[in-house]
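Just passing along the structure, written as structure tokens.
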Amino acid sequence: MAGGVLIAGRAVRQGWRALAMALAVLALASPAPAEGAPKPRRIASLNVCTDQLVLMLGARERLVSVTFLAADPSSSALAEEARGLRLNRGRAEEILPLAPDLVLAGDTAATPTVALLTRLKRRVVVVPLALTLADIPRNIETLAGAIGEEAKGRRMIARFREALARLIRDASPPPGPKPVALLVGPNGVTSGEDSLTGAIIAAAGFANGAAGLGLSGVGRLPLERVIGANPDLLILSSLKVEHPSLAGGFIRHPALERAFAGRRKIRIHHHVWACGTPLVLGAIERLIEARASLRGARRAGRR
Amino acid sequence: MSALPQAPAPAPAQARAMGAQRGLLLPALGVLLVAIFAVSLGIGPAEIGMREVWAALTGAGTDASRIIILEVRLPRAILGVMVGATLGLAGAALQGFLRNPLAEPGLIGISASAALGAVLTLYTGIAAAFTLALPLGGIAGAVIGVGLLQVLAGRGGSALTLILAGIAVTAMAGALTALVLNLAPSPFAALEIVFWLMGSLADRSFAHVWLALPFMAVGWGLLATLGRPLDALTLGEDTAWSLGFPVGDVRARLVLGTALSVGAATAVAGTIGFLGLVVPHLLRPFVAHRPGALLLPSALGGAVLMLLADIAVRLPFPGNELKLGVLTALVGGPFFLWLIIAYRRRLP
Amino acid sequence: MTGLAASGLTASGLTVALDGTDILRDVSLAAGRGEIIGVIGPNGAGKTTLLRALVGAIPHRAGAVTLDGRAIMDLPPRERARRIAYLGQEEAAQWAITSETLVGLGRLPHRPSWQGPGARDREAVLGALRACDALHFAARPVNRLSGGERTRVLLARALAVEAEFLLADEPIAGLDPAHGLQVMDVLAARAAAGLGLIVTLHDLTMAARNCHRLVLLDKGRIAASGPPADVLSARNLERHYGIAAHAGTAGGKPFLVPLARTGETEEP
């Protein structure tokens, strides 16, 4: 109890100094911390996407906690690297005792936690969900600035932009109608236009089948609609490690197997594109390959 | 032997009429079943007209509609028939044996314990390693549920004791099912409790049909042999024994038949209640209240009612269907209430 | 009676326990075809248990029940059912089947499972209904019968079996005097035609008038057995029923009217 008060006291003193920075960060939503501000040494991350970005920026030794999802290979591409770190479930009382000098959060579920932490004068940086490809470099910049790795961040952004441009240029979509791709996850959950996955599908040169069915964001599609929509490519988003459930059965339904045999079906792990990180380039690359293969098959069929 | 003069049989015209009514029951139910089965194939989020349905069934039609009809709607309808027949038959058999009009697999806890057994095998990965584990888990759960019921309600259980025991078993099984789902490693598990408690035929495939059919068929076979014994049991166990029916053996066949069929049905479709209660009641007047004659009509009637319910869940919000248990509870709940009121005098 | 009789329905040394306690101890009796054996005794003596054990519905711990020398458990169930009929006490039909259908249940042991009722079955059912004066409500559902009517229909069911032996537990309970007499006359007629009858009775006059032999059961043991006049002695009535009664004859038939309690019953 006493120790907690001491920790809180020390943190409060630190917090006062960081509060001004935090307020500026939140207000501008595009943080560029004052030059010469000390790097945060005790970073707590409450969001699996910020977890992975921090790890990618090489700041692992300054992390005091990441979410439990970061260590789960189904949700995180960096599960190996997250091993050994203290895992949290996104709750304030888990990370307060760790006396973080920076808390990273997403703008989704943890809002009450964020509000609590802010009220307790912690420095909180909210990194919003990436909805377009352009959000990715912006989020990297926000995060890199918050943790004091601006240079690494700039390098990562440059690499990302270069690789993306190269992919799109080499793919060079031919004239004519775009093939239609439909993304389906366990239980038929699919993403429409206003989502990162929608942006990725569009970048690879596909038209998003979900948009054609009137879905924006995340929606649920019954099996019959998926088959009836008859997209050129069915993208199955599955978890890398599948624990048994009824939802998993949806993706493996015999009707889907029959309707989209062979090259018309591609499986991409959920963690590759759940977060706005440079890893999405891998998904774009695979989709571009799939599109090429479909085009080749169509040409062969026509001959 | 007494040499009494022969009297004329009572009211031959009336007897013929009653016999005709009974004789028409099975064919009528059969025709109804086929018709509703056909309608069921035409219902779904994808717009497929009846002509196209027929084309798909005969191998013509577009690829998409053929796959939807043959791989999505057909197994669903077949499973509906199987599960409905199971619940109707088991309900009639239980009511006949327990001499209790309030008995049915859902109310007396058999479905809930079957669901627990199935959930245990599915979410712990046992069913992934050994597919038959899923229906076998449901069956094992059902057997344990019946055993627990015997312990709680005893041999000469009154209607009230039976229902109370059923409530207890259902509550325990439901709580344990929720616990297993909360602790299961899959992130989807906790939400899937709705399926297990409310039942659904959505997204079922022929895999589920083949998985459940052998067990159900054996269960049906066992229950079908109970016709005569149930008639004899109208007068109680001692009299049935005196008429040559081994009551212990009959009970064993009832338990096993119910566990096999209801266990397998619950394993692939979740818990669907009240069907086994309603169907025998609706059909009892048509078989002159004879419990043995009620078995086969209840199976057909259960299939019809199940298909009707499965059509009804898909109609209001296409693409976002209701759970079957919601519908059967909406209909069966008030029906159950009415039954209790009607039989209130007989309950101790 | 000791030893196994060569013919008839016989119990020898029967001991039956229920829930751990002995209800019947070393009971032996024999009934031949055409005989009416009355089993009497105070409440709780074990009369119902005796009848249930004789038909084999409950197992016995010791002793044997035989039919013409063969143990009844060794008989094929349907044969046993055809030869020994049972009418329980307070039977109630759960379902609203017609009287005729209920009586028809008595014919079940006479045909294999897949067969429907035949002419012989219908004949037997009608005969039983007529004998019990129940023909005029044969088509009525049993839940709409009065208590007395229901008792007669249940008896008709037992008679429809046309068995060689009938075990009837309180067959005239709840019947008005006219119907009670009628039922006993029916049973007497059947006995005269060859039916062997073991009935439990509370009405001692009926027991005295209709039974060839009486067996007095008290606390699970046979206290007395023999012709009614011997068994219904004042001493037995005092010891086992705790009553004093006035016995006499009217119209050549004996009657027995309980008069007062003597407060003396035999301690075990």
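So that you can tell them apart, the chains are marked A, B and C in the order they are listed, and the count of residues begins at 1 in each.
Going forward, a residue touches a chain if its C-beta (ideal position, glycine included) is under 8 Å from a C-beta of that chain, and two chains touch if they have at least 3 such contacts.
Keep in mind that what you see is a predicted model, and the values were worked out from it rather than measured.
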| item | value |
| --- | --- |
| Farthest chain (mean CA position) relative to chain B | A |
| Centre-most chain [mean C-alpha coordinates] | B |
| Whole-Å gap separating chain A and chain B, where each centre is the average of the chain's CA atoms | 46 |
| Centre distance in Å when chain B and chain C are each reduced to the mean of their C-alpha atoms | 41 |
| Centre-of-Cα separation between chain C and chain A, whole angstrom | 84 |
| Sites on chain A touched by chain B in the complex | 74, 186-187, 220-225, 227-228, 230, 239, 242-250, 253-255, 258-259 |
| Touching residues on chain C, where the partner in the complex is chain B | 52, 55-57, 77-78, 80-82, 84-88, 91-98, 100-102, 105-106, 108-109, 113, 122-123, 126-127, 130-131, 135, 138-139, 141, 154, 157, 161-162, 167, 189-190, 193-194 |
| Chain C-touching residues of chain B, taken from the complex the two chains share | 1-2, 4, 6-7, 9-11, 14, 99-100, 225, 227-228, 231-232, 234-239, 241-246, 284, 288-291 |
| Residues on chain B engaged by chain A in the complex (per definition of touch) | 44-47, 63-65, 67-68, 71-73, 122-125, 127-128, 184-189, 192, 195, 202-203, 205-207, 319-321 |
